[in-house]
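I have a structure I would like to understand better, so I am pasting it below and will then ask my questions one at a time.
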Amino acid sequence: MKLAELSESIATQGFPNTVDGDPDLQIHTVNTLGGARAGEISFLSNPKYRQQLQSTQASAVIITPEEVLPDHLSGLRSNDPYAAMTAAMIAIHGHRRHPAWGVHRQAVIAGSAKVGANPNIGPHTTICEQVVIGANVTMYPGCFIGDHVQIGDDVVLYPNVVVYDHTRIGDRVTVHANTVAGGDGLGYAPVNGKWLKIPQAGRTVIEDDVEIGVCCALERATLGETRIGRGSKLSDLVVIGHGTQVGESCMFVAQVGVAGSVNIGDRVTLGGQAGISGHLSIGDDALVGPKSAVWSDVEANAQYQGTPPATHGYEFRRQAASFRRLPQFGKRLRALERKLAQLRRQLGVDDE
Amino acid sequence: MKLAELSESIATQGFPNTVDGDPDLQIHTVNTLGGARAGEISFLSNPKYRQQLQSTQASAVIITPEEVLPDHLSGLRSNDPYAAMTAAMIAIHGHRRHPAWGVHRQAVIAGSAKVGANPNIGPHTTICEQVVIGANVTMYPGCFIGDHVQIGDDVVLYPNVVVYDHTRIGDRVTVHANTVAGGDGLGYAPVNGKWLKIPQAGRTVIEDDVEIGVCCALERATLGETRIGRGSKLSDLVVIGHGTQVGESCMFVAQVGVAGSVNIGDRVTLGGQAGISGHLSIGDDALVGPKSAVWSDVEANAQYQGTPPATHGYEFRRQAASFRRLPQFGKRLRALERKLAQLRRQLGVDDE
Amino acid sequence: MKLAELSESIATQGFPNTVDGDPDLQIHTVNTLGGARAGEISFLSNPKYRQQLQSTQASAVIITPEEVLPDHLSGLRSNDPYAAMTAAMIAIHGHRRHPAWGVHRQAVIAGSAKVGANPNIGPHTTICEQVVIGANVTMYPGCFIGDHVQIGDDVVLYPNVVVYDHTRIGDRVTVHANTVAGGDGLGYAPVNGKWLKIPQAGRTVIEDDVEIGVCCALERATLGETRIGRGSKLSDLVVIGHGTQVGESCMFVAQVGVAGSVNIGDRVTLGGQAGISGHLSIGDDALVGPKSAVWSDVEANAQYQGTPPATHGYEFRRQAASFRRLPQFGKRLRALERKLAQLRRQLGVDDE
């Protein structure tokens, strides 16, 4: 693809840009400044990599209008180089092209299920009673769709995705392989030293434009709904507990665990392996660092990081309380040292 | 369902109770005090929600015999409102009704396998040689049952459950979607800088009345058995290492990881994302908090919470040692401050 | 099997050894010193179990040439008892014998796929277009192999393994049930408060002799390759982020999470639930303890353990800084206490 053609495709996708250099340059992929070779286009989005502009082997770079373009490079200038790079990736590589199965004869589809226009349903899938599926849905092999599930248009379910009964999935949702939506939450009542199962009578709702990674568990609610809000993106091996509400455009990194009945706002980021205890609220735009344990509400726009130090029972609580006073300890130490030294000076006392 | 009918059903399930108010009240679901609307029954189990009794929109509540019932509500009085609420859930919603497959013609069942009375085996399942399956077993699509597996009566395996060869599953066991029982443990001998695989020649045993969540890994033992004790409940994405013994009526929250050769007693609770190192013992009724890292044995009835603070090697050990002395630091600081102030008073010294 | 026959088999596998005692002794399995009974062989590899040599009920033990053999036991003497024990396990139990499916008629294989000699492909598998598979490959039921995947010789894929398009798998690779190789990484560009998906145009490469546990996620690279190096062994529920390079002969315990673009050397051990942040380097032979959070590069041969203590934002940074000064706090406290006492002695001041 010529640089001028790439520029046009990026603009068509909504990211205006101008060519600075050779419009006929052939570009065949996108790469980082450090990894790119001749014939590849790179980008400068994070200023900390600016010095790599001089040394990159790329043939072209995507930069802001203000950036100085080295002599040996051609460029595309855009106000948002990272978005323009994404558009370049889409222009050159496109998104995954799915196998075309139509409705494979080894799919098992209940008579009462309704499948919309242009279905692409692989072998070894099972679609149960009263299911309603929209148009242009791709379902890879091995998927299971339980009774009364509703699925919107333009949905992609990768292999072995399991959707329990009564789950609702919106439009343009992508669920990656071996993820389970709508499984039971951990709900039991203690009765005479044993556990009596509480029916998990609610459902899981996945709103439009959500993407879920592989091997995740999105538990159904005990009552009402567990909800993954519009446009949110979850990575792999993420667990969402029963009754939890996830807002819009959130991003959860791999192995995040959110307990039940948590209320998460919009645009919340949870770092990898972060854990959120039950019944908490996490405000809009909050950022929880990787491996953090969240024990209390997090306010909107707050940044939270950390886990409690280890020890046993009561002793732990005392140490944790002391830990919170640590900065104060330092101040008190300094004050003591200063006062003692001053006192010794006043008294004319020397060290022994 | 009328309140009087609900009362009777709850009593029949083993939870005696009395109607206080209108026996003909129509109840159609259960809900929390905060979430309930007219026509719904709620419950007060945790005293911290008592004030919500006044404001709830529920039509009825399940309370203890001693509780004061607000004028606008009808009630069911039971000694165990939480258990009675569970029985109400079962009375109104029941447990999941499975699709009825009989033995689906797209199931592949080896000639030597023995399947008990009233089977319900979905399409795309595979049952290998010498398998023995009890009566009233439901196996959802995509399950795999390896050679020589034994499965008891009234078992439910949700879609894509994988049971490796020689695993034993008791009666009334439920395993949720995409969980794997009997996979190999991480066993290798180091030989000349490479890893030589140790055959994992043991098995996994899941005793009666166990329920396992989605995407769990219950590793087989190298020798002997990995065991999940009777009535224990595991949530999603839980890993149980090879040779580990889990006692009866335990509850493990999502993403718990237990290493190999651990000995866990009865009624042990492990919070979400907790990790237990290998070869440890956890006593009966112990409670390990969420995200805890357990490095040494935990005694019966103990409560444990926490993870070690981060740093490298030797420096870490010094800091950790100091951390344990933190409460003592506080005391010593206070003593110093007191003594210095007293000294200054005695000397009549003023601040500079 | 007679002890002499076992000795010979172990030697044939590359571990020279000598019989000390009764060569005709019948041995039917291997067990720990504490667990073994008559007719079983045990081993002493870790000196801390030496006293169990006296009390073991085993009939024979594998020991070093220098070890004293109790009178009641026969023995095999080897320079590496743990490796010899492994060879004994292989001699007696062998590795898993897979069901024999040939190419099952309920496998769905695209016309353009090339399958090597001696295939063993179970029912309910799907092999897509342009796939190339080597000789002696076993593929359990429910596996999915996407377009253009390449798989070497002597590979075993357990049930429901999903291999996304363009993934490459070497020779003698084993992947356990419900693991996913080549799924998309978490790559999105923020555009007007929403997430624009970055095509994940790279691939995942699994080199020769790798073994992967159950329910793992090995993400494909955005560009280029995610790589699991030759001979590395990953346990269950492990996540490897997009673009990450794992060296040779590494061992990752269950629930490890490695973010994207990480560079991991050879023979690196990551303990259970450890997490590695993105774009870091972990040197050869490094050892990261269980549940550790790694925030910065780890040097070759280093040992790292720990996670940061919990608190919010700025306050956290102050506390963390104080935490690093804790050993120093202790010193300063002691100095103050000493100086104050000395001052009081010099002044002749008594306690109030």
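Labels A, B and C are assigned to the chains in the order they are written; within every chain, residues are numbered from 1.
Basically, a residue touches a chain if its C-beta (ideal position, glycine included) is under 8 Å from a C-beta of that chain, and two chains touch if they have at least 3 such contacts.
Only a predicted model underlies this, so the values are computations on that prediction, with no experimental measurement involved.
At the interface between subunit A and subunit C, two copies of one sequence, fewer than half of the residue numbers in use are shared by both copies. On superposing C-alpha atoms, the copy subunit B sits rotated by 120° relative to subunit C, to the nearest 5.
Chain geometry summary: the mean Cα position of subunit A and that of subunit C are 26 Å apart. Shared contact sites, meaning residues of subunit B that touch two or more other chains, fall at 106, 124, 142, 160, 178, 215, 237, 255, 273, 293, 307-309, 323, 326, 329, 333, 336, 340, 343, 347. Taken together, the subunit A residues at the contact with subunit B in this complex read 106, 108, 124, 126, 128-129, 142, 144, 146-147, 160, 162, 164-165, 178, 180, 183-186, 188-191, 193-199, 201, 215-217, 219, 222-224, 237, 239, 241, 255, 257, 259, 273, 275, 277, 293, 307-313, 316, 318-319, 321-323, 325-326, 329, 332-333, 336, 339-340, 342-343, 346-347. Those residues of subunit B that touch subunit A in the shared complex are 14, 29-32, 35, 80, 82-83, 85-87, 89-90, 93-97, 99, 104, 106, 122-124, 140-142, 158-160, 176-178, 209, 211, 213-215, 231, 233, 235-237, 249, 251, 253-255, 267, 272-273, 290-293, 295, 302-309, 323-324, 326-327, 329-330, 333, 336-337, 340, 343-344, 347, 349, 351-352.
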